[in-house]
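Consider the two complexes below, in which chain A is the common component and chain B and chain C are the respective partners.
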Partner chain A sequence: MTDIVTMLTMNWASIIGIVIGGICIAVGVHFVPVGGAPAAMAQATGIGTGTVQLAAGSGLTGLLAAGYMYMTLSAAGVPGISEVALICATGAVGAMIMITVTMIVGNWVYIYGVGVPPASAKKDYDPITGDPQAPYVAAGTVGQGLPTVCFVSGAMGGLLGGLGGSLIYCMLMWVNGDPAISSIFAIGVFLVNAVLPSYNIQGTIEGFHDPKFKRVPKAILACFIASLLCGIIAVTIPGAAMLGGA
Partner chain B sequence: MEPAMGMGLVALMGAAATVAGCSEDLESDIGSQSNPNSQVQLAAQVGYPHRIFNKAISGEPPSNAMYCAVGAGVAMVLMSESVMSASPLIEIAIGAFVAALLNGVFSTTSYMGRNASQTRFNQYVYLDVLRNQVLSLMGHAYIATFCIVLLSYVLWEQTLIGHPFPFPVIALIWGLCVGAIGSSTGDVHYGAEREFQDFKFGSGLNAADSGNITRFAEAGIRSSMDNAWFCSKFGGPATGIAFGMVVFLDNWRSTAFGGWTAVVVGLVIVLALVIYNRKIETYARKKYGPYPEYAGEIAA
Partner chain C sequence: MSASTETANQIDTKGIVVGLVGIYIAGIAASAEIPYLAFLAGIGAVFATKMGADAVRRVCSYGIGTGVPSIGMLALGMGIISAMFGLALGKMYNAVFIGPIVGLVIALAIGFVVGTLANKIIKLNIPVMERCLMEIAGAGVLVLTGLSVMIAGSMDFVVITEKVIATGYIAPVFILGALGILHPFNASLGPDETQDRTLIHAYSCGAIGMTIAGVCSIAVLDPIAGIISIVIGLAIWYVTFMGFVRLVKRDAGAGYVGTGLLPPGAM
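Let's look at the complex of A and B:
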């Protein structure tokens, strides 16, 4: 018990970092435009897959880039705050590349393969370009494809997801220094924080312009609590192994 | 590592990823996995029994993550000298074969379970469909898993790139990634176009038509093989290009550049893609025009 309390007091900064990372992921998930099964039939705006799956796919791709950068920078000693900033930026950009490439190829399929123009059904005009949306929404659907506003929102979601995942990984590496344990725990914490906001989203969301985006504060509260618990467990279990206590 | 060697490895990984992405998407098209499966499942219930393969084991990302992690795990065990001392290529091939067997088990049980539960809607278990298509599913799963485990090996092996994550974890992450990409790109070609080819091209799919999938092929009754033939012309290669681009661009920027320069290069790539997306969006609007059914107040 004393070991656990010592471990928590020694690593409070890492727990705070994990909580911040978890909240970044939770907010990032709301930015990702997912249309679920209806989008796969071009019946809804967004990417035709599930919220968690796409957020995890992009965030964990960023985690791979961040893990490699951490290894490179740790050759000169344990990375400090400025190095962690670089690692998180690397992870964030890795996730952005994954999600933007996926969205652009998704739009190829909608435009060239299915023959429908991208259009949002949640707004009459695109908040970024000002283009009218309603005339381009097919009858009996709630939009299709990825108009500019959804594309930009998705890139921002990738940024936050990759940033959060990378930050959690760095915090865990500070605690135990083992990439294997840290990567697996980072994936676990990532998935917890990607699944919880999906109850807010209920299958489909178009991005930051969607009315469902206003539910973000609830997700932040839920993910704060969940990330705090995850942080305590993630710090004590791998950390205790480092001390020889488990 | 020499820059030329690094770039060569990145190119190899990109090529393997392109093949993996294409094969993964075709596997999901033959099996009707992921979101388009909802229509295949619904068809019999709304009066359209069919001979399309029906397997929704799970979402594509978790199932591919599992195949790839299993393949890499088996290959890693075989790589330890006390077990087998052979070329890593053979060990990766054995790992991918085990993953393909796993795919066969899941495909068979899910097809039989799903169709047996729909007998009341006159949807039967067709043994010839099962016999003909499970091997094709396993073959595509084998190619996808082999390529992903291979690129994960290149990333993990200490004498090559030397990524710090364990081999199966790297394969798991790339498996998750290819599943997410396949589900988001190639599956749309299958779900929105091939499943509803009776409807006019570009007309969109009215929600009232859900479940009314196309059941007759260019010749005879449509099977999942016909779907793979069609999707291999666009949806599959598009998925391959997407996954290849992700693997190549992400690794290229960190191999060719270092530190903050790599971050800036990544942001430039993202910005270029945002601009390109805007270009194709305006192209599509000009080319197709507004829907004729629209009678609202907003001018197109």
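Let's look at the complex of A and C:
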């Protein structure tokens, strides 16, 4: 007989992990250059889709990578802290690969297909390369494509998103030991923590150099409370094996 | 504007009552070795989809700045946590029948907290945010529980884990549930959006989810029960989709032609 109170007292460490993971996702969302519909028409800097689609895409790729690593490492027993670090690193790299591939292919389409130079409208000079941006922003638009600073920022966003998603997955695996329940739960917690920051961004953001990035503390506070609530609920769910199932 | 409008309270009552009654009849009948009533859980999910779609319609008309799909994913994100918690709690205390109601209550609580966070901390300042997120989370739970009960033919957490989650059928349930909630308003939005057109589209999206869940249940529940669900789902889809096409033609201000050419006035 498994009891809620016992589950909560046994798994307090997992709640902390889930909250840290949720905050990583919330901050990661702010790093991803999201252009929304205007970017799809090459009229704004960033990738031409919504925040949630990008965060979910990179997060789920990270989760797949992390799940594979977990399976490999757990062959030698329940993973400890050092194994969890490895799993989270794998998840982060998986998410970074997904988001960078999306950005580089998107840039090919913007440069060779649409015929626009990648340029940021939020800064006159690229903070990383120092290249001038203003002369290349087409009249009537707010930038186009993915200049270097956005690309680097997006890769960092993928890192944080994948790290957070894999951390939540590992914490849930510690609790219930069931990959299916853990992954579907990690997706649920991930989506809540990806949508709340996207309301904070309100549409489009270019990356860490965007003035909207200063809103991050509000998203961290909101996601802290939301992930705490999700974490408390999530760790009280035992795996099917603990309940006498197969 | 359309002649017939339903208030939020009417839609919520129908969604919650039909959703829960459908889930319970299907779950109880299945535990009494009659899996053929599983489609009732699907019908409950269709009404819950409509409830979610109406809440999306009301909250998104304020302009949330991130596109309508985000809120549908949020619904199912909150929904899956609450639905699984409810079912697991029922199993832990050996009372599987409290599962859906506990899930619904938890979803309403999470929806209220997330809505308050969005309004008070992120400062979206949308007056209906708390209520709509509660409705959306509740719809997410009822859709997920309804379609899961329909596929597994049981409200037992262990059976649902084995037959729906471990088999991977949770993925189509998740995404079709989210699409049913987010797509109707996403497809119909604009200055000429009417409630009856959006909601009949929600019925047809819900029916697609029900049909696909019926296909999944052929393998894990019972072939005849699965085929009954598919036939009923397709029938609901046909009727509601034809109704949607009729309302689209009614609302098409510039007239329409059926051949794909532009209307005469536009050429």
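The rule is simple: the second predicted complex is superposed on the first by the 236 of 246 C-alpha atoms of A that agree within 3 Å, B and C clash if a C-alpha of one lies under 4 Å from a C-alpha of the other, contacts with A are read in each partner's own complex, and residues count from 1 in each chain.
Definition applied: a contact is a pair of C-beta atoms (placed from the backbone, for glycine too) under 8 Å apart; a residue touches a chain by one contact, two chains touch by 3 or more.
Remember, predicted model here, so these are calculated numbers, not experimental data.
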Practice prompt. Please work out whether A:Val189 is in contact with chain B alone, chain C alone, both, or neither, and reply first, second, both or neither.
Written response: second
Item to complete: Would you sort A:Thr90 into first (chain B), second (chain C), both or neither based on which partner it touches?
Response: first
Practice prompt. Check whether chain B or chain C contacts more residues of chain A in the superposed model.
Written response: B
Worksheet item: Just chain B (first), just chain C (second), both, or neither: which does A:Ile23 touch?
Response: neither
Discussion item. For A:Leu167, using the defined touch cut-off, is the partner it touches chain B, chain C, both, or neither? Pick first, second, both or neither.
Written reply: neither
Worksheet item: Does chain B (first) or chain C (second) touch A:Met71, or do both, or does neither?
Response: first
Worksheet item: Of the partners chain B and chain C, which touch A:Ile15 in the superposed model: first, second, both, neither?
Response: neither
Discussion item. By the touch definition at the top of the document, which applies to A:Thr61: first (chain B), second (chain C), both, or neither?
Written reply: first
Practice prompt. Once the structures are superposed on A, label A:Ile233 by its partner contacts, choosing first (chain B), second (chain C), both or neither.
Written response: second
Worksheet item: After superposition on the shared chain, which partner residues are touched by A:Met156: those of chain B (first), chain C (second), both, or neither?
Response: neither
Worksheet, complete the sentence: Interface residues of chain A shared by chain B and chain C, listed 36-37, 50, 53, 56, 180, 184, 187
Response to the item:
Residue set of chain A touching chain C in the complex reads 1-4, 36-37, 50-53, 56, 178, 180-181, 184-185, 187-192, 194-196, 198-203, 218-219, 221-222, 225-226, 229-230, 233-234, 236-238, 240, 243-246
Worksheet item: Okay, in this complex, where on chain B does chain A touch?
Response: 34-36, 38-39, 59-62, 155, 161-166, 169-170, 172-174, 176-177, 179-181, 183-189, 191-193, 195-196, 201-210, 234-235, 238-239, 241-242, 245-246, 249-250, 253-254, 258-260, 262-263, 266-267, 269-270, 273-274, 276-278, 280-281, 283-285, 287-288, 290-291, 293-294, 296, 298-300
Worksheet item: For chain A, which residues count as touching chain B in their complex?
Response: 36-43, 47-50, 53-54, 56-58, 60-61, 63-65, 67-72, 86, 89-90, 93-94, 96-98, 100-118, 124-125, 129, 131-141, 144-148, 151-152, 155, 179-180, 183-184, 187
Item to complete: Enumerate the contact residues on chain C facing chain A in the complex.
Response: 64-67, 69-71, 73-74, 76-82, 84-85, 88-89, 91-92, 106, 110, 113-114, 117-118, 121-124, 157-159, 161-162, 165-166, 168, 170, 174
